[in-house]
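Shared chain: chain A. Partners: chain B in the first complex, chain C in the second.
Presenting the complex of A and B:
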């Protein structure tokens, strides 16, 4: 705001903000503390987490426990697969809808936009049956394909290509370049900021998706990290203890927090554009 | 000359179709076909083994008579009422407090958004260890004050509020960021004019800030209604919908019927009802945003 408050109002506002920050941070710190305690000590009481001794044993155990690395690898393969697939399909379709005239173009584009209102849950039963019939469950393809159908990327890239000046491609056409070459050499490099925003949001959404992998990946070898962590949590009695479980939570958060820090600029830009 | 123009036009149509075709194929096979086939399934009594019999609207009639489904619809509405106003108001309050260039605000913005990038399974794992009466953070803090622990997740009255609290903690980043972006767009001269009128902080908020960001407020409310109606993971992992279905949302109902009891036609019918609810919310946003701009 352009101005600040003074007196009791300002003190109350600062106190409320401090309380909110505490509520936000406390569960994260608690998880970190629990992950640094030995399982034996936590059995005596979780209150011990507030005081030393702390140990890295639980993290060492993760490196001996290969299932978590398998889930991490699955998450990476599926998330990168969906991200590159969405970028390729959306860029091609976005250029087609924005720049090339063909019969039925506008009607088809509106139909695709209607797809934005279809929630995953309303197609899940039929999609599950279809993937069963094609034996796609418990395969990388089965985990990747549904993410490619989301219309949001097509919408975003169409808007982006429409806003580019036409002169850019006309020069290339006069030089006799094909349409695909023009797209590939001139427009695609210029659309990198939009690609980055679309890419990071697609990656985050796929990495964190729980619903589809839960239904499709039923073999523990094919679990993604979200499903794997959920299964360790639900089979808690069978796992190696609370400290180990919480170390898994911290370990599973690290990759996505790194991605968040690196791409923060594009995330903020994407949200700002959505608000405007 | 004319012939060349016609060639160019048909070439453009062909390449246009080629550019769009790969996505359209995926769209038709993975979204349109399952949508239509889901509606078709909802009119059948179908099970996992491929047995299927046309029964008209019987699944829908059964849903309206099903106490568990009615409870799930009520629970979901209750959850939306618990979360959406809180997310909107707290998100706006945080945006107002952190809309400045100080280093402290930048750090706090990062903190309040950080939970949003975590997956539902990590968030529920963290919050379960905050909420459980046996060794949870809240129970430990209460014990240090010699107070008894509270069974948040196994008490029918507290289960849904506990899931809502977890969700607010998880989702607060997006509304805050949307409001922050909107606050950046408010013209500076409006604030200068208000300052010249000696308007206080509240008057400036009510007369200048809120009217300028009401479109964003509407977007936030509708996006959150759509998102929170799809509540699933938090309830499935933290409470399994219990105790006694007290925290069973619509999507978990669909999951249990469709993938645990394999009553596929019935689950498809429930998913079509969810689709209608979400479509209505999306339409409201579309109409409202068209009416304003």
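Presenting the complex of A and C:
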């Protein structure tokens, strides 16, 4: 970095960052632009996207008649279910690994860490058969349960609780709090920054997950957004056109933006509290 | 009986003993200071009383009731941690209320106790703040306040002053003494700082290597140390220890000869003589400079510490033993000077090979 505020190093770095941001943003802007064009015009060529007329008709169509709302709801239920499930389970497991003594604890913790190294692909057939046997396909449970096994969440919360000063808990015990109350009132609120991080990543990963819902949700009523939007892409010729497709994509990403903006505040608050 | 009693308490961490047969009693309104070097088991002792550590043997009683199997919150003790351990996400008021809410205290009573404690500690204006918005001294006060509102039977402090700067430390020390005068509960204060111990304590417990060496008032600890460890640990500069070459018991009093042949008469009756190597302990104030040849022995001045109101003169005796003498300021001694020394052995102590003071009653 340059020594001065406006040194050549700084200008070069800013330019590089701006270029990178542009490259990242271009597909998103392209999507947005296409979603604002009428399907008829786009049939003539996507080059027309750079010039008016623009229209909101594609968005109106979504609100009028589209399965998108159902998929949106499915995605929301599944993503929130997985997120809260992972937060609850990872926190409890993390507390257990960090603070309780029980036989086999370290071995079990290592087994959990091994879970990080097992790719989903290697277990998908077994999982598919298991869920078939339990009749869990095409249910919310079928979409949520696999996401609850979150070795990374357990690892993250274990490390986070381990790093917390033990004296805080001891002070709470001396204050007459039970183990659970200590966990609930002292440790959990203090782990909010880690919860926010884990929550965002879990939510985003689940929201964007495509493969497992594609396998498990075969009934179009149970499609999540990713599967649903992709299914309209596949029979592209019969859909209402490219503009409508892009409008669906934009619409699908709005919830993610909202969630990110909300949680980001928690992250910033958590970081600044830790620094204080 | 009221107050706290420990009976033959022992504690091991795995194979490592940390407390070895510790017994002591604290009156219901007594301020007891536990003094000892780092690692001797002071914190473990407090934590055992609080219930944060289990004990392997012995009993702990509060007001005559055994508590050593009770949960920490059920013992009626409060502890101020060295790190204060304030709940970072709660306001000062919430910090103080937490312990009371947990035991189901009525809202009005909680408010009353917090108001009272806040007034006593002059921190009413801090009640709405978070711990991160407080200075070190203020956090300390909140930690004390959080303990006071519980109205515990035993109040414990684990080195509460070690995170404060020197000026604040001495002020807080006085405040804790004042606090104890006002609330009159049993208090245990752990420190490795002898000044803190001397100035605060009703009685001092001196610990070394997981055992209690001596329990006594500050004066008893200073004037009649039970062991060589206590003698050298308390007092600054430390007591001079000189090996005794020979002890003779032919007169009324025990006489000792130092390595360089210096003959000294102690205040111990001749009958107190003991087998094994003896060591003579002399506080710096019992060692005085005089003209060469005019005292009990001669020594060479090694260096001189001028401290304003007094001077410490470090000396080497002819056989290589070193002593520190307390001299009035100003003192004219210069490094390399030959000087005479008066060794007031009658004011000194004799320690046997087991480290015990021959003057003290046999343990």
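In the analysis below, the second predicted complex is superposed on the first by the 232 of 276 C-alpha atoms of A that agree within 3 Å, B and C clash if a C-alpha of one lies under 4 Å from a C-alpha of the other, contacts with A are read in each partner's own complex, and residues count from 1 in each chain.
What we mean here is this: a contact is a pair of C-beta atoms (placed from the backbone, for glycine too) under 8 Å apart; a residue touches a chain by one contact, two chains touch by 3 or more.
Not measured: the values here are computed from a predicted model.
More residues of chain A are touched by B (comparison of chain B with chain C).
Of the two partner chains, neither chain B nor chain C is touched by A:69.
Residue contacts after overlaying the shared chain place A:146 against chain B, while chain C stays out of touching range.
Looking at the shared chain after the overlay, A:186 reaches chain C, while chain B stays out of its contact range. In the superposition on chain A, A:27 makes contact with chain B only, while chain C stays out of contact range.
In the overlay built on the shared chain, the residue A:17 is in contact with chain B alone; chain C does not reach it.
With both structures placed on the common chain, the touch criterion links A:177 to chain C but leaves chain B unconnected.
Counting contacts as defined above, chain A residues 276 meet chain B in one complex and chain C in the other. Residues 1-5, 9, 13, 16-17, 20-21, 23-28, 30-31, 34, 42, 45-47, 88-90, 92-93, 95-97, 100-103, 105, 108, 112, 115-130, 145-146, 148-149, 151, 154, 179-180, 183, 204, 207-208, 210-211, 215, 225-227, 229-230, 233-234, 242, 245-246, 249, 252-253, 256-257, 259-260, 264, 268, 271-272, 274-276 of chain A are the ones that touch chain B when the two sit in their complex. Listing the residues of chain C that touch chain A in their complex gives 50-52, 71-74, 77-79, 81, 83, 85-89, 98-99, 102-103, 132-133, 146, 150.
Residues 165, 167-168, 170-177, 181, 185-186, 189-190, 273, 276 of chain A touch chain C in their complex.
Across the complex, chain B meets chain A through its residues 9, 11-20, 22-24, 26-27, 29-35, 37-38, 41, 90, 93-94, 96-97, 99, 108, 110-112, 114-115, 117-122, 124-130, 135-137, 140, 143-144, 169, 172, 174, 177-179, 181-182, 184-185, 188, 191-192, 194-195, 201, 204-205, 209, 216, 219, 226, 230, 232-233, 237, 251, 254-255, 258-259, 264, 267-268, 271-272, 274-275, 278-279, 282-283.
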